[in-house]
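In the two assemblies presented below, subunit A is common to both, partnered first by subunit B and then by subunit C.
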Partner chain A sequence: MFDTAMTWNDLMFMLRGAGVTLWITAIAVGGGTALGLVFGVMRSALSPWVTWPLAFVLDVLRSVPLLIQLVLANSFQAIAGFGWSPFVTSCVGLALYTAALCTEVVRGAILSVPETTRRAARSLGMTWAQDQTQIVFPMALRVGLPSWINLTLGVMKDSALVLWLGIIELLRASQILVTRLQEPMFILLVAGAIYFLISFPVARFGERLEKRWREHD
Partner chain B sequence: MIEIEKVYKSFGKLEVLKGVDLTVARGEVVSIIGGSGSGKSTLLTCINGLEPIQSGHIRIDGTDVHARSTDLNKLRRKVGIVFQQFNAFPHLSVLDNVTLAPRKVLGMSRAEAEEIAVRQLSHVGLADKLKVYPSRLSGGQQQRMAIARALAMSPQYMLFDEVTSALDPLLVGEVLDTLKMLAEEGMTMICVTHEMTFARDVSQRVAFFHQGILAEIGPPEQIFGAPQHLETQKFLSNVR
Partner chain C sequence: MFDYTFQWRQAYRHLPRMLEGALVTLEIAVLSLVIGITIAVLLAVARDSKSIWLRAPATAWVEVARNTPALFQIYMAHFGLGSFGIYLSPYVALLAGIAFNNAGYLCETFRGALRAIPQTQTRAGRSLGMGQAQTFRLILMPQMFRISFLPTTNQMVWAILMTSLGVTVGMATDLTGITQNLNARTFRTFELFAMAAVLYYLIAKAVMLAARLIAWRLFRY
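Right, the complex of A and B next:
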């Protein structure tokens, strides 16, 4: 169907880019989710009087376009003399952005657990921590998981923005090939297919979990 | 023994308990009746320390519930409470709902906890529902599960807050029968209830709550037969 000049080497080049996309996404989502869990629990459990500085910073991270954050982070680390590579800077920037989004997912899911259910747990002699781990987290997980999956897929697509720091991830790799081979249609189709193949298992995994949980409801 | 002494409790500016005195002896069943919003639920949540109080004392077997030095998590093992809402843990099977606290709070092994849970669940008539999830249970069954869950901690006192109010009228009977059974077994109980027949038949004393105070307390024959307080008379003529 397609008569293309693209070679196996070119495809490998794209797949290496996809590998970078995967790595950055995994690190950002892993770190961002860990931070988001801590921040989300803090925001749900502590008074707004205590957490407003955190809430403010997270609001900024959520509302400023990611591209601006990445470029600013890169300039900042250079000025501050951190000596971070673009890869590290990208991971940190994307992780903080993920953390800001994830905090809201976690907070919302925790607040969805009825207060009376938590009272029932505490009245059985469970400590705050036991209530959190045995009741609140499992119940909140079922509520928050679909949003978290969406968040993860979103971050994977947003991770393309790190190309502005000179990282050759999947989209940048595709751009390079488009410039060289002048076959934008075909190459972008391949790139799209690779993005899909990465996302699909994540989405399916989420659906299967949800289905299993639904059997109890 | 539960001793409640001059308890005052406010939510912000709203004073809900205005000097409540009540002593409940071991083995006694006390029913609390009264209008909605009079502070009955609040009193129960103060007894097991879910809510703080502004002044007064609540002592359980001599331990001051609201003293700073009191380990509430430990105290609550002694005092079971069942609420109007069923409060099932929806992600756990019926059996796991009941074994959770004995395992996590009392440190029992799974086998020990399951033995107790099976006994308690059989006791309330749910022996055939062990592996089922709460969403598959009727309201009455969920409420009986909540009772078994509280009993699995071997409490010495049980507090019941309108446990039949959220139930389909057809299912009220099975839960009341469970409460009666507990009373006959000698459990010390405080039951907030709208079921006057239950209050009359099961309790040694009935307390009438009105606007944050215990307006009248006495044996069921007195409260239902010859209420002294004008508000008690009004309330009873309305519910009958």
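Right, the complex of A and C next:
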């Protein structure tokens, strides 16, 4: 099992795939977080009677498998004649999915700030915007950041699904090598190790952050 | 803008077949959750045990399950085990992959729930003359399931969403597999997958509703 025909070039091929995985994750999380922040603030500040269409769409994005969403996004961009490359399509699809999850993180974090604290801020003469940026945001950040880190890792792992649209990311790259070298176990173990090395330290950091911040409450 | 004619009727014609697929999807999700819960309880016990021989494998299981993609775990079951001459059918590979994943996540949920149960409960059980295993089974486990009921329902919904990954290892009888087959035959990609999306949404909502009803029935004082 351990005398493998895999060469350094093949490993570089997989690492390039890992690079694609990280790129897609970065773009999707960046875009998704920006959208999620806006939607989250909207959902927490406006009445549910106004935001229910948004809430419904985000709920659908969370309740439908990502694979189906990606296929739909891909066929929709073809139907609408956008002419997007699979890379752009997957980034957009993943970003929307991230936004749906991030909205809940942001909303939960904002709602965790006590009402009284916000009233106190307004009583001191702060405007709504000042209250949001200087009181709510710093307090909500502590609650939301650990969940946001988990969310980012989740998107990194879910980004493996974009292989269905034909993008050669880490898992697809290892599948190509498996087809060529016929050593599924070894190559998949390498791929798994790469995923693990990316995810595990960040997850640990998130856990530690969560613990440390809880102590000072 | 759209140079395309939607053919909803064509897709709608295949609804009965897709509903059959939805049943298979639900079946896999339920089975994987049951297996997952069983293993997760064992893992939760093993992770907090004093013996390193129990703790290390359990910790490894949980960390691998939580830090690699579900798709990778299914690939491992389907392609990876082939190296050892173990060939799992897509159905079994999918089930094994999701159950592995469920067990890893649920183990952490259960451990959190166990920590939320007051220590005095264990002591009360032991004072009544119960053995350690008996205390765990009769006192701690029911409370653990109650505390972790909501996260477990969420895991169930994720399990349903994860079953869609089976199509990548050649699963052809679940909802995504059937949709993909019909898609290959008719090229009505958008219509068929949109219908699949609606079905998945309805299944997820139905499961949440059922869980809500069960919780209301079970957990009222």
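Basically, the second predicted complex is superposed on the first by the 200 of 217 C-alpha atoms of A that agree within 3 Å, B and C clash if a C-alpha of one lies under 4 Å from a C-alpha of the other, contacts with A are read in each partner's own complex, and residues count from 1 in each chain.
Note that in this section a contact is a pair of C-beta atoms (placed from the backbone, for glycine too) under 8 Å apart; a residue touches a chain by one contact, two chains touch by 3 or more.
Please read all numbers here as calculations on a predicted model, not as lab measurements.
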In the overlaid three-chain picture, which partner chain does A:135 touch, first (subunit B) or second (subunit C), both, or neither? first
Between subunit B (first) and subunit C (second), which, if any, makes contact with A:19: first, second, both or neither? neither
Looking at A:117, would you say it contacts subunit B, subunit C, both, or neither? Reply first, second, both or neither. first
Check the residue A:200 against both partner chains and state whether it touches subunit B (first), subunit C (second), both, or neither. second
Greater subunit A contact set [subunit C / subunit B]: C
Look at A:125 in the shared chain and tell me whether it touches subunit B only, subunit C only, both, or neither; answer first, second, both or neither. first
Identify the partner contact of A:166: answer first if only subunit B is touched, second if only subunit C is, both if each is, neither if none is. neither
Once the complexes are superposed, what residues of subunit A are shared between the subunit B interface and the subunit C interface? none
Touching subunit A in the complex, subunit B uses residues 45, 48, 50, 73-74, 76-77, 79-81, 83, 85, 87, 89-91, 100-101, 104-106, 133, 135, 146, 149-150, 153
Sites on subunit A touched by subunit B in the complex: 114, 116-117, 119-127, 130, 134-135, 138-139, 142, 213, 216-217
Which of the residues in subunit C end up touching subunit A in this complex? 1-4, 63-64, 66-72, 75-76, 79-84, 157, 161-165, 167-168, 176, 179, 189-190, 193-194, 196-197, 200-201, 204-205
Complex contact set, residues of subunit A against subunit C: 1, 60, 63-69, 71-72, 75-76, 79-81, 153, 157-158, 160-161, 163-164, 171, 175, 178, 183-186, 188-189, 191-192, 195-196, 199-200, 203
